[in-house]
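Look at the two complexes coming up: subunit A is in both, with subunit B in one and subunit C in the other.
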Partner chain A sequence: MLRQASRARLFKEYKEVQREKSADPDIQLVCDDSNIFKWTALIKGPSETPYDGGVFQLAFSVPEQYPLQPPQVRFLTKIFHPNVHFKTGEICLDILKNAWSPAWTLQSVCRAIIALMAHPEADSPLNCDSGNLLRSGDIRGYQSMARMYTRLAAMPKKG
Partner chain B sequence: MQDQEGHVADAGKETLTSVQTSEIEDWTKYKDDDIMQQQSSIQAEQAVKTQFVGDKEPLSSLEAEYHLGNSILLKKIKVLSEQYAALRRTRGDGNCFFRSFMFGYLELILESQDQSEVHRIKASIEECKKTLQSLGYAEFTFEDFFALFLEQLDSVLQGSEDSISHDELLRRSRDPSISDYVVMFFRFVTSGEIRKRSEFFEPFILGLTNASVEQFCKSSVEPMGEESDHVQIIALSDALGVPIRVVYLDRSSCENNSINVNHHDFVPTSDDMGNSGDPSITLLYRPGHYDILYPN
Partner chain C sequence: MESDGDMYEDSDVESAGDDFYGDGDASDGVSDADDDDFIGNDPDDSDDLCAKKNYVVLSDDDIRRLMDDDISKVFSVLSISKIEASALLRRYNWSVSKVHEEWFADESKVREAIGLKINNKIIQSPELNSVICVICFEDYSSDGILASACGHPFCVECWRGYISNSLSDGSGCLNLRCPEPSCKVAVTQDMIDLLASDVDKKKYYGFLFRSYVEQNRKIKWCPAPGCNFAVEFDIGSDNCDVMCNCSHCFCWNCTDEAHRPVNCETVRKWKEKNRAESENTNWILAYTKPCPKCKRPIEKNEGCMRMTCRDPCKYQFCWLCLNSWSTHGYNPCNKYKPETEDEKKKEMARQSIVKYTHYYERWAANEKSRRKAVEDLRRMDEVNVKELSKLQRIPETQLKFILDAWNQIVECRRVLKWTYAYGFYFPNEEQTKRRFFEYLQGQAETGLERLHHCAEKELEIYLNVEESDSKAFYDFRRKLTGLTSVTKNYFENLVRALENGLEDVDSLNAK
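Presenting the complex of A and B:
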């Protein structure tokens, strides 16, 4: 019953994504061909951040209790950000944990993650190095590290 | 992670506190997923103790609960037992207010077979839908929850092939795939009402938290498991046009030693029909928790 309900909801989200494809050029959300509980997204790094120019891949794993429970989301693209685990890509974001509600969608989760990229929360770091740089006020250090990893991991190779 | 490596390097020096340190080390290994898993295992434990909605119990079971306890509470329970015959407990999972209201209301319709009330509340629900739409909620995010509640509402009315018995209502109220969806329906309705009348609710919310009305709804109304307070009760009662009585069982007492049990009636603002009678849904509030009360 729950699985059926989440499948129906995901199908609605799928149709909405198809319909609104051009509405949000920074997000490209794709459902796995064979499994509606698996999605990937490509999101553009927000401008005026060290992620500008990068394209980041996210992996969604949707539980059967969705939308009562949040999707699990992680970065597949390496990113240097205080709230993203450097090795696993795990994301520390309240709406993916206890502040989740069915009013959120996979699409709006992507928007929230883009907002998190632009506004890192240095006080709840999953990446301590990155968090410490920000907390100690070394904005330049944080930005240059983040920019370097954006170039290395999130930009298409030239030539 | 850095912290862990730091501890490993220091391990030799800190033999005396090694037990403590390794405990802390263990904590740093916990990821959010582990914490959420632990949370859900605590919930599972809780689930064994209390159903979402329990069986009807005589009020004396409340007395038994406090038999060695506070004398003010015991006196209050005596006073309560003059007016109320029974209670029905709900699970303390943060959804108890909504869950109590759900069962209380559907049971009321099942017993009264009040067609005009069903007609009335359906019109209110239609308004709630419009409210959410005008606030910018995508319809597909809430429509399933609305549809499921309307389905329950139709099925407690007898005389159709989908009609259900009291036992079936109880079973459904204990089934997460129905019960949690109805709770979520109420959360959407409550959030919509608060945001629609944000000027009215703002001072109450500012008194509770530092959050804006929108933040409050996002963090304290819409997520499952977030507890409800006056603000949510006022909003739900207003949005659906259903009066609710909340009876307070706490240790407060009067100076002259007389024992009263306080109650508060939440009467919808839209209630212009001069319904001066008592609200038909009565909840028992003990600090942090709501159960259902049945009058004599």
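Presenting the complex of A and C:
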């Protein structure tokens, strides 16, 4: 029953994504060919941030209770950000935990993650090094680290 | 093993005097008249130390009634719905005065904080035939759609899923909000009533009911396992000891067992120390001691401290200090004697263990004795009083003095136990006070031992004899009742004196 409901809802989201492919040029959501509960997304690093120019890949794992329960999302692309685990790519974001609402969609989750990239929360860090740089006021240090990892991991290699 | 038979013998000797009295026949009629008289004189005041009523024990029904009363108080004054009143109260920890205060200070702020709609600005669904539910993305005609006070439309099925999902997450469901992420309006009880399954509704009202006790500053659950009562306490009262209807006595402040005359902080320190020291004192916890005379191991399986070794040794001694009872008698052995010259030379560490052991052993022995007394009390209540009533041809109601005595013993054992924690932390510098404290404690112990012995051993005579004369029983009753009331008074004074930090000694010293 639940699985049916979440499948139906994901199917609707899939159709919506197909229909409005160009609506949000920063987000490209792709459903796994064989499993509608697995999605990936490519998101563009927001401008005026150290992630500008990078393209980051996200992996979605959608539970059967979706949309009553949130999807699990993590970065596949390495990123230096206070709220993203440096090794696993796990994301600390309230709407993916207790502030989840069934009215959110995979698309809106991507938008929330882009917003998080632009506005890091240094007080609940998953990446302590990054969080400490920000909390100690070393904005330049944080930005240069984040920019370096964006270049290394999120930009196409030149030549 | 200590033999019971020896203990009886001992009792027989002691109570021989009583037996001599009773050879004259007393008819039932006379005996009854005596009873009435006797009971009439008895101030029927079985209150113990923890029963000065600054608290009320609440059953489920009482709690529901109080909850309804509080809700009524709020909805009648603020003229809002019952459901809104209940949400408001929950937000402010079920304090009616706090709700009134906040509401009249800034109504719209309060409404916003708990998600009550501010005015009737309901989002009008567009004048179309169909509405899209933004959870399942299906089209619905307007009758398949429901909304909370804010008007955000979702289909009935998605509402059901949303509500049942939140209920499976625990008591957070009481603060459920509209599924629309930007909307802060509460999903109130009426929606739950309408949409939740019966099982979920029961859960919801269970959470609501528990929140009334758990968020309320004045009410706490009784901590005894399996007990469903709660206790409402007059905050600010001095005496925090309360007794639940399940007969568990606990301190309302720290919810540990009742512990007058020592304070919560001392109890915490003492228990922590017990945990830390348990390795050193394991040998004491083994509960056996060799008889001081014949060295046979003895397990203490009776309540009072006067021990008698089995035949042929029959040595009588005090369980605590192991001295002969013939010299010990009912004299207290509670005083902690500092080490002799030789031992003073030994390292400080050992001294502190010895000191701790002294207090711990007495603390633990009184606790064990208290537990035994609780069992004995139950047996008295369920079995012995009935038997005795048959044997002595006295109505059970007139044997209440036995239960009173046992209740008093339980109570006193607990107090006495905690005086040892009190003694352990008593400042060494205050010599005069310490001597006075040890004197008081010793007297308390003597009195209690007498009472315990009388209620345990002297009573057994009347339980084992087919027909004993009523005169002797009358004397026994007078003795036990007298001991109970004397001990009760003594312990009440003791608790008061210790709680005051023995301030009388100060005033005496000043003079």
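Note that the second predicted complex is superposed on the first by the 159 of 159 C-alpha atoms of A that agree within 3 Å, B and C clash if a C-alpha of one lies under 4 Å from a C-alpha of the other, contacts with A are read in each partner's own complex, and residues count from 1 in each chain.
Keep in mind that, in the parts below, a residue touches a chain if its C-beta (ideal position, glycine included) is under 8 Å from a C-beta of that chain, and two chains touch if they have at least 3 such contacts.
Keep in mind that what you see is a predicted model, and the values were worked out from it rather than measured.
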| item | value |
| --- | --- |
| Three-chain arrangement built on subunit A, subunit B and subunit C clash or fit | clash |
| Which superposed partner A:A103 touches (first subunit B, second subunit C, both, neither) | both |
| Contacts of A:S47 with subunit B and subunit C, given as first, second, both or neither | neither |
| Contacts of A:A8 with subunit B and subunit C, given as first, second, both or neither | both |
| Partner chain(s) touched by A:S61 [first = subunit B, second = subunit C, both, neither] | neither |
| Touch count on subunit A, higher of subunit B and subunit C | B |
| First, second, both or neither for A:D129, with subunit B first and subunit C second | first |
| Partner chain in contact with A:C92 - subunit B first, subunit C second, else both or neither | first |
| When the two complexes are fitted on chain A, the stretch of subunit B hitting subunit C, from 3-11, 93-101, 111-119 or 273-281 | 93-101 |
| Doubly contacted residues of subunit A, that is, touched by subunit B and again by subunit C | 5, 8-9, 12-13, 16, 67-68, 98-99, 101-104 |
| Residue ranges of subunit A touching subunit C (in the complex, touch as defined) | 5, 8-9, 12-13, 16, 65, 67-69, 95, 98-99, 101-104 |
| Touch list for subunit C against partner subunit A, complex | 134-138, 157-158, 161-162, 165, 172, 179-181 |
| Interfacial residue positions of subunit A with respect to subunit B in the complex | 1-2, 5, 8-9, 12-13, 16, 67-68, 72, 85, 88, 90, 92, 94, 97-105, 128-129 |
| Subunit A-touching residues of subunit B, taken from the complex the two chains share | 1-3, 31-33, 36, 137-138, 140-142, 144-145, 175-177, 180-181, 184, 187-188, 191, 218-219, 222-225 |
